[in-house]
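Before anything else, here is the set of structures, which you'll find just below.
Both complexes below contain chain A, partnered by chain B and then by chain C.
Let's look at the complex of A and B:
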């Protein structure tokens, strides 16, 4: 029997799911090897058990906590898709401010009407078996993981920084072009897509293991931005990962 | 007819985000009919505080994956307005090309994958692979080309990379644009014409329902407005984008984590049908022929026809993209650097037509170029009151149908608006009681 797979969205932009609907060239081939049994954004069907559940989005409310428990209970393998699910992503920027202040900015006097939690990675709440990083996750990355799981193999892991992939593409370093880039401490696997299109790395795939944070801040501030600004840049996608 | 009716559709499928349909009728009296928005809040407004103008569009793009290009461009226009950054004609043309790509992608996705299954009595596009393979392949081909426009011009169709304040971080190659033009003419145009035939065959299943309302869109003197123009109301005419707050008048309702909007009436309509009603005269003859073939006439008051208006726009986007590429070739592509030197600091407002309707971003910057205050008003939020008003008129008209048929009609109504719920609750000032 083909593996039964399902997709679920939590607090996110649903862009990672959209990237799956954008598999125009491969969609029909993928469907030869897996059965999609639940995918609310694209279909009506619902199922009770999943061989593989793909989770997009952060956990940000008590109802999210309950729903992810329910999905985990009914799934053999659970995969976090995209930076919101993997480490909280941009959602976690709100965690940098006192939660009461965040509520007040948005709700005003009604700040306690809606139950909200700090934005959490899925792995803060239930066990996550695999992850696909990035904002958005790339289709290639997702396919590599899906193929590995269908074949019962281990998916690839990325241990080197974006800078390595950027050098392999022979891009001119963006620091030489007057920009401030997070490539040196950001986990690779994206093929240095942003620097290749002339834009600085925002750190969307998360920070490497054992990063030299102080060294990175020194490089950034020596290229014309303040320490405060450098820290903000570093936290854009990694508020839950980096302690500054 | 005296009837009790209790409909609850939990987490409506084939729409972006989480919404529930709730209808209550007691002894023939309709007490409640609305779309309840239950998407968790995102708090973008709080996240934006203190962020640099270099980051604003990167962050707001993440309000929504489906509308990421729209948010990004509207954000850039607002930032450029606030900081006094002039942009070149080349930048403006490349942005218009991107909007066409994103509109084509979104409209085709909605018409084929999200709306069409209702007309063919299936729950998703997947069963259609077996029964209508050529149609599915055509839809995938059109989507691929539309996404390729995004990939080539902006680096990535979902969460674009190259559009930055003041211009582009990379200019596409001439050969890349000419290849897009070739595919638009040789692939997308024939596919677009076939799409009209397919939709014409399905159009018979579109429910007959009319409710005249206020239609709001951008309007531009020289073109079918998508990238720039004044706000235009079908009731009261033009008003400057800088006065958008007078139009949107957002208010909180207790069944939605997204705020509602109203201008001259209780509710108004934004999106493809509003653009068609307000600006159809500026479409070319091919788009008009498409509209006629599918039974869409000027001043159409049937919200279900929004999907058809989207297909008409797809034809326009294909042909106008070719015109834009021709103009860029005529001018000669220049390797321009983005203009990122502010000439002032303060408040700026941006507005574009994105696939689901008119979008506003409003930022205030301090004199270091960091955001003090941000406000984004989203098309789906503006449509919510109109959807509720449609439901209140629709339910009594179809009350003799079975509960299942009524539910399907309501689901199709909401899907016709192509709602984007993640967007609509980007920042929520809520009063949500379950």
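Let's look at the complex of A and C:
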């Protein structure tokens, strides 16, 4: 029997899920390998058990916590999809402010009607087996993981910085063009897509393990931006990962 | 050794002439301020004055990413990629770059030869060119002068804006047959091209300095500034480490095995099964990189495995300088020696 897979979204822009619907060329091949049993963006169905559950979005409220526990119970393999699910993503910027202030800004006087939690990675609440990083995650990356799971292999892990792929493509480094790029400490696997098109890396795939944060801030400020700006850039996607 | 004069304005004609001997590969402008070796489409695009290319010429023999074989899971079969031997002319190569190819030859061809490298290396011809060292070149300190002609078939030495063309091999001679824009001349020595960056000791004293450098404080200082991007090793012309990956297509039936350049500066490089990592800290890795250039291979071959191109320094976002590290080690060694002597 083909593996039963499902997709769920939590706090996110749903961009990752939409990215999957753009698979046009590969969709038929994918459906040869798996049965999609739940996918709010494209259908509505509900099953008791999933071989693979894909989770998009971060966990930001008590009801999210309840729901993710329920999905985890019904899933053999659980995969976090995209930056929000993997580490909290841009949502986690709210964690840099007192939670009451955040609620008041968003809901005003009605703030007591809406329970909220700091924006968390899915892995902060339940066990996550695999992850697909990026904002949004890329189709290639998702497909690599899916094929590996279908074949019963370990999906690729990315432990090298974006600079590696950037260098292998012989791009002119954006630091030589007067830009400040987060490539050196950002987890690769994106084929250095942004720098290749002249856009500096904003760190959407998360920070590498054991980064040299002070060294990176020094690199950034010595290339012309203020310490404050450098920290803001680093936090954009990684408020939950970097302590500044 | 014959020497001819050649006008700068006639260089494109020479390039066009050389195309009879195969694909010509030469430096081209890239991005705002950079250069890269590319196949020549139009000889007037070739850049004669350049500091260094982003990636070394190595990329033409050991490609950054290379398919090694295709396989089919369905048929349980595989097919190795056969590299074709095609004549190529490498034009406008600096002396340190040529020296790096000779060192790579040693790394890739001694013992059991790496067959893809070997085939790409076959029927290559090289035309060298002199250069004006910038603030990063230091090849003289590792024994390579601007006019070092070893390995070249032809060499263009710039004299007062035009060139003197040296014929160094029979292949070089053959490549000039039928090219009439050159005139026999007397070789001239060019004065006034100087290396701005230097290592303070002759390179044959460096293995001794490195013998005592393993526990130096210099490594911690370098590691505190290093952000671990791998630029130094990925752009180095004498580094040759690679990784091998399998990719399966979305059909889950066909796939391929690829190899791509790897770097000992990356934290994952020395990670082995079970999660153990035998060079876990940046300090271990920065040290290892320099020991690979000035100690481990040098002890066996008697030559530094750095050619002084300056790429690792010029392309380091943190501004870490290879020759500065070596000079700091020298200074530290001098101090230690002084203390040892005084105590006696």
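Here is the rule we use: the second predicted complex is superposed on the first by the 244 of 244 C-alpha atoms of A that agree within 3 Å, B and C clash if a C-alpha of one lies under 4 Å from a C-alpha of the other, contacts with A are read in each partner's own complex, and residues count from 1 in each chain.
Here is the rule we use: a residue touches a chain if its C-beta (ideal position, glycine included) is under 8 Å from a C-beta of that chain, and two chains touch if they have at least 3 such contacts.
Quick caveat: nothing in here was measured; it's all calculated off a predicted structure.
K.L.:
Quick check for you: in the superposed arrangement, does A:2 touch first (chain B), second (chain C), both or neither?
P.N.:
neither
K.L.:
A:216 in the overlay: touching chain B, chain C, both, or neither? Say first, second, both or neither.
P.N.:
In the superposition, A:216 touches chain C alone.
K.L.:
Going by the contact rule set out at the top, does A:161 touch chain B (first), chain C (second), both, or neither?
P.N.:
A:161 contacts chain C only, not chain B.
K.L.:
Figure out whether A:183 sits in contact with chain B (first) or chain C (second), or with both, or with neither.
P.N.:
second
K.L.:
With both complexes superposed on chain A, which partner does A:49 reach: first (chain B), second (chain C), both or neither?
P.N.:
A:49: touches no partner chain.
K.L.:
Give one of first, second, both or neither to describe whether A:18 is in contact with chain B, with chain C, with both, or with none.
P.N.:
A:18: touches chain B, not chain C.
K.L.:
Of chain B and chain C, which one touches more of chain A's residues?
P.N.:
B
K.L.:
On the A-aligned overlay, A:69 touches which partner chain: chain B = first, chain C = second, or both, or neither?
P.N.:
Neither partner.
K.L.:
State the interface residues of chain C toward chain A in the complex, per the touch definition above.
P.N.:
Touching chain A: residues 30-34, 36, 54-55, 59, 64-65, 73, 223-231, 234-235, 245, 247-252, 260-261, 263, 266-268, 271, 282, 315, 317-319 of chain C.
K.L.:
Which of the residues in chain A end up touching chain C in this complex?
P.N.:
26, 29-30, 32-33, 143-144, 147-148, 150-151, 156, 159-161, 163-164, 167-173, 175-177, 183-185, 208-212, 214-216, 218-219, 222-223
K.L.:
What does chain A use to touch chain B in their complex?
P.N.:
Those in contact with chain B are residues 9-19, 21-22, 24-25, 27-28, 31, 36, 39-45, 60-61, 63-64, 89-91, 93-94, 97, 101-102, 105-108, 110, 113-114, 116, 135-136, 193-194, 196-199, 202, 229, 232-233, 236.
K.L.:
Tell me, which parts of chain B touch chain A in their complex?
P.N.:
Against chain A, the touching part of chain B is residues 11, 13-18, 40-43, 45-47, 49-52, 55, 58-59, 62-66, 68, 109, 113-114, 123-126, 129, 136-137, 140-141, 143-144, 147, 155-159, 161-162, 164, 168-170, 257, 422, 427-433.
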